[in-house]
Structure formats: structure tokens, C-alpha cells
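Structures for review follow.
Shared between the two complexes below is chain A, which pairs with chain B and chain C, respectively.
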Partner chain A sequence: MSDSQLTFTLATLLGAVGVWLLLPRGTARGWAAGAVLVAIALGLGASRMLRLEDWVADGVFFILAGVTVVAAVATISFRDPVLCAIWFGLSLLGTAGLFLFAGAQFLAVATVVVYAGAILVTFLFVLMLARPKGRATWNRSSWEPVVSAATGIVMVGVLSMTISDVLALRGETGRPIVEAAETAGDRAEGVLADQHVALVGAELFGRNLVAVEVAGTLLLAALVGAAVIVARPRSEAQEPPAAD
Partner chain B sequence: MDPEIALLHNYLIVGAVLFGIGMIGFFSRRNMIVMFLCAEMMLQGVSLSLVAFGRFHNDFGGQMLVIFIIAVAACEAAIALAVVLMLYRRAGKLDVIVWQALREDNQPAFEEEALPEEPPAEPWPSLSRAGLSPEILPEETDFRSRL
Partner chain C sequence: MLLLPITIEALIKIGLLIACLMGGTSYLVLVERWIAAWIQDRRGPCRAGIPLTKIRLWGLGQPIADGVKFIFKEEFTPAHVDKFLYFLAPVIILTAALSVFAVIPFGSVLPFDFAGVYDAVAQWAGAEPLPEYAPQPTRLVAAPGLDVGMIYVFAVGSIAVYGAILGGWSSNNKYSFFGGLRSSAQLISYELPLGLGILGVVLLSGSLRLDVIIGQQAGSGVWNVLLQPLGFLVFFVAAFAESGRLPFDLVEAEQELVAGYHTEYSGMKLMMYLVAEFLHMIAAAFLMVILFFGGWHLWGLTGSGEEVTWLEAILRIVVLLGKIMGVILFFMIARWSWPRFRFDQLMSLAWKVMLPLGLVNVVAVAAWVEYGDRLAGWVGVPETAAMAVCGWILLIACWLVVTVSIPSTYDNRPLRVPATRGGQREGAPTP
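Moving on, here comes the complex of A and B:
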């Protein structure tokens, strides 16, 4: 078992127990211990991250990734759905930052605009529907917290281990097996070009034009479907006059 | 180590973590709106991986797919909120256990365990009242029921 596999196995075990402790279980006991365990697991995972070109890039990446992941854990562990929605919004902002960091400027803006709008709507729904008098039991307990925490975290551990191993593999000549065919110069004229949005637009309305049309139709169908599902049946909306 | 490979590696792992956390939340949380948020979180994890792959291979395909993911997620939000609203009207609560009769035949039912009572949540802050209360004409109370 290699060094990185050992680290990821340890992080998986600690993370599974920590997430189980953090999930709502009807009691607030063990909350702090869960937070500490998850923090240790995230730290172990972070120690296996590969270094980017310089320390500035490293710092920006770790801050953005940390905000995203911590907010994601908070989303599934808070009892109050309003707080869950707010933490999810923070996680989305972190994701948008990661998009920007990877050079996907248009997607970063689109994520903030579209998702923040959608989240605002969700948030309003939560406020409108779920202001419980006292604390609702269904927010305070989970469905099979042990099994789901174990399943999810083990999946994350196995995936991380595989990704880490495959990308670090070296062939017989000592060169990494996975290598990009493109150079930095290619990227500077491609995905990292200054004319980013123009290139995205050309790609979207060039090669993907049919898909754009299909997506538009899908949005229309979803709109009609949502309206039909929510609309009250006519018999309910118009009460018939009571017969004498 | 090539920094591009390092970036791909880090993004793929963060994406996997987001996906896994969303999956845990979707499996275990009982509030339907929180489950919906967790499904969106899984989509975010996949989007991160796609953007990283697209950058690694210098191809806009990954970003295009993320744009379509956003469009489909918008459709999903509309339909999911409509269905949640509908279910809330029927059951009066957002608990997904209410609908467990829809499960597979061979699955055991969820057993609700008694939870200890908790003090009610602290109320959200609100603004104090200010100003004078308006004078209400007696005839207005005839046609305005909420005064």
C-alpha cells in the first residue's frame, strides 16, 4: 500500500465517522467531535493535493476549495433548512470561484447568476413553507445516517485514490502516463484565450447549435410542466355552490 | 510535475468530494428541499470535473456540457419545486417519509424513533414597530377584512 493510499484510507475512515456525527441524528451530542474529525480528514486529503505552479496559485486554490467543501458539509449537517440553503449558496460561490480559477469565466458568472437566482427561489420556498412552530422532527433526524455516510465517503475515498494513482503513474521511460498533448501556448489560444466569451459563444452556437435548440425546448416543456403540476384542479379552485 | 496535471488532479478530487457529500445528503436528509439542494450539489461536483477536463485537453466541450447542465438544472428546479409544493399541499409537511408507501415491496418501512423535545428555535430578528397606527374609518372595515 503506497503512501497516498494510506493517507486516503485514513481520511476515508475519519471522514465517514465525522460526517455520521455531523448528520442530524436527533441529538446535538458529538457535533464538535464530528467537526474535528471532518477537519482532520479534509486536512489529510489536502496534504495529498499536488502543488500548482507557484504558492499564490496554491493559496487561491486551497481557499476556494476549502470554502466549497466546508460549506457543502455544513449544508448537509445543519438542522434548519434555511441555514442549509444559505450554506449551499456559499458552496456555489466557492464553485464559481473555482470555475474562474480554471479559466471558465463565462461559467463562473453563469453559475452565480443562474444558481443564485434559483437558490433565491428555493430559499423563498423554504421560508414560505417550512417555518415550523418549534423544531420539526423530520429536520432533526436522518434516514440511515450510518449507511449513507459510509457509502458516500468510501466512494469519495476510492475515487480520490484512483485519481491520485492514475495521474501519478509513470511509464517505463519515467515520463507520466497521463500527459496533455497541448502546450501552454495552445491553451493560451484555446480555453485560456483573452477572447474567452467570444470563443465560448462561437462554440455554443456553432458546433452545439442543435443542442441549444433542444435545451430551449426542454426549458419550455419544464415551464409548462411546472405550471400544470402546481395548478389546482378546477373543481378545487371553484367551489360549487352548496346545494340546499 | 506538470502544473496542468496537478490542476486536473486537484479539481477531480474536489469534484469527487462535492459529489460524495451531495450523495450523502440526498440519501440521508428527510427534508425534501434539502434533498433537492443536495442533488444540485452533485451536479456541481460533476461540473467541476468537466471544466477541469476541458482545460486539460484544451477543448471547450467540457464547458459546453456544463452550460447544458445548468439549463437542465434550471428545468429540474422548476419541476422539483412544483412537485414539492404539490406534496406539501397534500401532506402538510416537507418530510419525505410521508411518501414512503411508494418504496419497493421488499424494503422495510422507516421506523420513526421518538426524539427528545428540543426548545423551539429562536425567532428570527424583526424590526420594532415605529410610527403611529393609522386611523381606520369604520366603513373601511366593511370591505377590508384584514384590518
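Moving on, here comes the complex of A and C:
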């Protein structure tokens, strides 16, 4: 077992236990310990990935990544659903920031418009209409804390380990086989690309035309379905009040 | 290393923007009160002048007095609120309202290169000169060259909804809560026509960048409002609704909801809400002018190219701000001219009128972009003139269809007649 594999295994174990402790299990016991464990796991994972060549650019990346991951953990560990939704929103904003950082401007703003602007607002809307008041433990605890924590964290750990291993592979000349990421200059060029949206549009409506059209038709069908459900005749949808 | 001058330039622009927006907002509040007084045949604020003197100065000291009052008011936090969200909500709404201005141009270009100025100052202070670079005119946008400009405006605008929803929810008060719910429903509904109204302009100019959109209108000399009156109508109504001003202010309808989602707020937090509302209006005015009224362009006065003299550069800023002031004045006069909508009227306006009209506009513009030149060539008239004629005919046709198909009066009271004869009632309105 190599050095990096050992680190990631340790990080995965600690992270799984920490997330399990953080998940709402009907008790708040062990919450602080869970937070500490998750923080240690994150630090371990990051220690294998840190490459502070350009400290401004990498600093921005790690801040964004940290915000995203911490907000994601908070999303599943808070007990108040409204707070969970807020944390989810922060996680989405972090993701959008990462997209923007990688030069995918359109994806970044589209994430914010679609997820943070529409879907999450609908979540909040429903949560507020329902006003979850009950204090019952089965309402406020996660269903399978052990299994879900284990699967989720193991998947994240394996993925990070694989990716960092691949990035560390060296060819015969000593150069990395997979270029880790473009330099800060390339990245700035990607962020400031002049024809970014035009290129995305050409790609979407060129090579992926069929997929776009199929998705659009599917959404239209869903819309018609919703309209059919809502637009029942009035006498059927709304029983008139009893006659006086 | 051009990073430092670029950063300094951006910081200067941001500082300038925030200072002008905040100061402008406080004086626009004064203007709004003057206009309200004028319409209601009152005197309006006219007493506050230079502090500690008796000089009145037409009430120009009023915003300062208001600001001081807001700052020194007791910041009362009710005991029943959700503290965290209660503090977070005004921060979100103000941040979002200010961030919109990152991509909105507040002028055209200035005819000098900021990096050159920086270089001169740095050399005077004894630093090394900058390496060779191509000098560029200074663009008057805080974040120039963001290719997704228009969608960014949307994204940040949709974040502002959170301020209203969370403020209403965390206040733990029925009135606030209703205000928050109404706000989210209204903002989400009107985002669709807003987007459709913009889409026509984007199709025509082929870019989402606001400066490119202005440049296209300035280059052709024809403003988009002349070409796409229907798109403008849809955008105008939707922008009105998004900024939540009367007749769309159901979110904080005083007669029904006390003050809507900010009922429980006081002091500086209330001020953040009020400033954010004004900033939404200013942003809507900016977008309206930039997308449909040619931005800084005015025939025969401002020129239309990238090369400007100092006079032209300043004239462009003045023209842009003048147009924006015109739109804002319209907003303020409209406030006292139309009664507030009922909620079902608001929703049917969005979904049954504005959304179809927006779709019609998008389809029409797309068809024009594809076939317009051939049609104009076939008829034998200039393309722009043909498009303007088609646009106005489309507007009138849509207007007629809407007016004819919508009943002049309708009734939204709950049904009282009991169901008889197999569920069908006599004289029941068709759904």
C-alpha cells in the first residue's frame, strides 16, 4: 500500500465515522466529535492534493472547494430542513464558483439560475407551506445513517484516491501522463473567453442536437401532464361548501 | 505583471459604483417623496437643509437626516424570530442587489489606459516599469468581458428571492410569512416573461454581453424598442413586477400585510431591505435602457464607435444616466397612477398573457433573423424598416387578441351554489 493510498484510506475511515456522528440520529451526542473527524479527513485528503504553485489561483480553488464540501456536509447534518436548504444553496454557489474557476462560465451561471434560483426556491416554498413542526425523532433523523455515511464517503474516497493517483503518474520522460490542470494563465483565458456562450451553443445545438430536443420534448410532456392534473373542471377540483 | 493594475482598476470601479449607488439611492428616495407629494398636491420634504443651520435648501438634507435616523434607531429583534436566518436575510438581499451591477455598464469607455496611469505613478514612486502590453481604453464596467453577462444578471437576481423568503419565514409572523410566500411566487412567475423578453434582444445582437448589445444598437442607430415593441412590453411588465413596485407590490401590500416580509425588521436591517428594493428598481431601469433604448447612444450626439474623445465619453455617461432617470421617474409616477393588482390577476397576467406574448415575440424574432433579409429583399425595402413595421404590426395584433379574448370583468369569489344535477351547476362560469 503506497503512501497516498494509506492517507486516503485513513481519511475515508475518519470521514465515514465523522459523517455518521454528524448525521441526525435522533440525538445530538457526538456532534462536535463528528465535526472534528470530518475536518481531519478533509485535511488529510487535501494534503495529498495540495499543489500551491500559483498560490492565488490554488488558494481560490481550495477556498471554493472547502466551502462546497463543508456546506454539503452541513446540508445532510442539520436538523432544521430550512437550514439544510440554505446550506444546500451555499454548496451550489460553491459548485458554481468552481465551474467559473475552471472557465465554464455558462455552466456556472446556469447552475445558479436553475438550482439555486428555481429548484431550491421551490424546495423552500414547499418546506414553508408544510411548516414541519413535529419533534418526533423519526421525522428528524436520517433513515440509514451507517449505510449512507459509509457508501457516500467510500465513494468520495475512492474517487479522490484514483484521481490523485492518475495525476501523479509519470511517463518515461518524467512528465505527468495526464496534465493535471492548465496553468493559471490558461484558466484566466477560459474565464474571459470572448465567444464562450456561442461555443457552448454551437456544441449543444450541433453535436448534441438530438439529446437537447429529446430532453425538451420530455419536459414539455411533463408540463402538459402537470397542466392536466391542475386543470380539472372546477366542480370536480373544488367541492362546493355545504348548502346552508 | 498586469494583475496589479487590473485589480486596482476593478477596485476603483467597484468603490465608485457602490458609492454612487448608495448615494443615488438615498437621493432617489427624496425624489420619490417629492413626486408623491406633487401627485398628492402636498409640499413634500422641504425643510431639512444644512445641519445645525437654518438654511433649508429645498429639503436636500433630508436623506442625511433619514440615514442618521436609521442608524440611531433601536435595532429591535423580536423574541420569536429565528435569529440566524433573521440576520442573514437582509444581508443576502442587499448583496444580491449590489452584485447585479458587476456586469452592467455605467457608460461606454474612457479614452485612456488605466495600466498606463498606474505605470506612470509606479515609476514616479520608483518601481520598475511594466512590461510591454497593448493599451486598451478603460471600459466602464466593473467586470468587463464576462461573456455570460445577461445570464449572470438573472442568476444574481434569482438569489435575491432568498432575502424575501427567508426574511418572511424567520420573522415567525403570519403577515411576514405571507409576504415571503407571495414574493417567491411572484418573482419566480415573472422571471419567465423577463427571460423571454430579453431573448429576442439576445437573438438579434448575437451576444449576452450588455456592452455588445449597446454597441449593436449604436452601430445600426436603431434602438431595439423600435424593432421589438412586443418584446419590450413583455420585458417592461416583467421588470416592473420583479422590482416589486406598485402596481406589483403585493409582497408588501400595506393594507393587507402591514409591511410584508420586513414587518418585523427595524433600524439598519430595515434600511438594507429598503435600499435593496431601490437597487432592484435602478437595475431594472439600467437593463431597460441598455436592452431597448440604446444605452448610451443618442443620435448625433454620442457617436457610435469604440474610439472616443473625452467629450464623447462624458456625454455617453450623461445620456445613459439621463435615460435611466427618465425610466425611474416613470416608475415613480406609475406608483401613484395604478391601483395594485389582485393576486389572481397578477398570476394570470404572468402566465396567461405575458408568457404567451413572450413566446410569440421569441418565435417572431427567430423567424426574422432566419428569413428577414430575404423577405425585405423580396419586398424591396431596407431590412431594419421592414423589421420595425413587422414588429409594430405584431404588437398591435397581439394587443387586439389579448383585449378581445380576455373578459372585461370576472369573478373570483368562492362558489356558493351547491352541486346539483350530476355536479353541473346552473350558470356556472366556465373554468
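Quick notes on this one:
Operating definition for what follows: the second predicted complex is superposed on the first by the 184 of 244 C-alpha atoms of A that agree within 3 Å, B and C clash if a C-alpha of one lies under 4 Å from a C-alpha of the other, contacts with A are read in each partner's own complex, and residues count from 1 in each chain.
The rule we apply is simple: a residue touches a chain if its C-beta (ideal position, glycine included) is under 8 Å from a C-beta of that chain, and two chains touch if they have at least 3 such contacts.
Everything quoted here is computed from the prediction, not taken from an experiment.
Contacts of A:229 after superposition on the shared chain: chain B is touched, whereas chain C is not. With both structures placed on the common chain, the touch criterion links A:197 to chain C but leaves chain B unconnected. Contacts of A:86 after superposition: chain C is touched, whereas chain B is not reached. Once the two structures are superposed, chain B and chain C can be ranked by residues of chain A touched, with B on top.
Looking at the shared chain after the overlay, A:12 reaches neither chain B nor chain C. When the two complexes are overlaid on their common chain A, residue A:112 makes contact with chain C while staying clear of chain B. When the two structures are aligned on the shared chain, A:156 is found in touch with chain B, with no touch to chain C. By the touch criterion defined above, A:219 lies against chain B but remains apart from chain C after alignment on the C-alpha atoms of chain A. By the touch criterion defined above, A:72 reaches chain B but does not reach chain C. Shared interface residues of chain A, touching chain B in one complex and chain C in the other, are 106, 110, 118, 121-122, 125, 129, 192.
Every residue of chain A that touches chain C in the complex is listed here, in rising order: 82-83, 86, 89, 96, 105-106, 108-110, 112-113, 116-118, 121-122, 124-125, 128-129, 192-198, 231, 233-236, 238-243.
Taken together, the chain B residues at the contact with chain A in this complex read 1-14, 16-25, 27-31, 33-34, 36-38, 40-41, 44, 47-48, 51-52, 54-60, 63-64, 66-68, 70-79, 81-86, 88, 93-97, 110, 112-113, 115-116, 118, 120-121. Put simply, chain C touches chain A in their complex at residues 84-85, 88, 145-148, 151-152, 154-159, 161-162, 165-166, 169, 177, 180-181, 184-185, 188, 191, 206-208, 414-419, 423-425, 428, 431. Remark: chain A residues 19, 23-24, 26-27, 45, 49-53, 57, 61, 65, 68-69, 72-73, 75-76, 80-81, 84-85, 88, 91-92, 95, 98-99, 102-104, 106-107, 110-111, 114-115, 118, 121-122, 125-126, 129-130, 132-145, 147-149, 151-153, 155-156, 159-160, 163-164, 167-168, 176, 178-182, 186-187, 190-192, 199-200, 203-204, 207-208, 211, 215, 218-219, 221-223, 225-227, 229-230 touch chain B in the complex.
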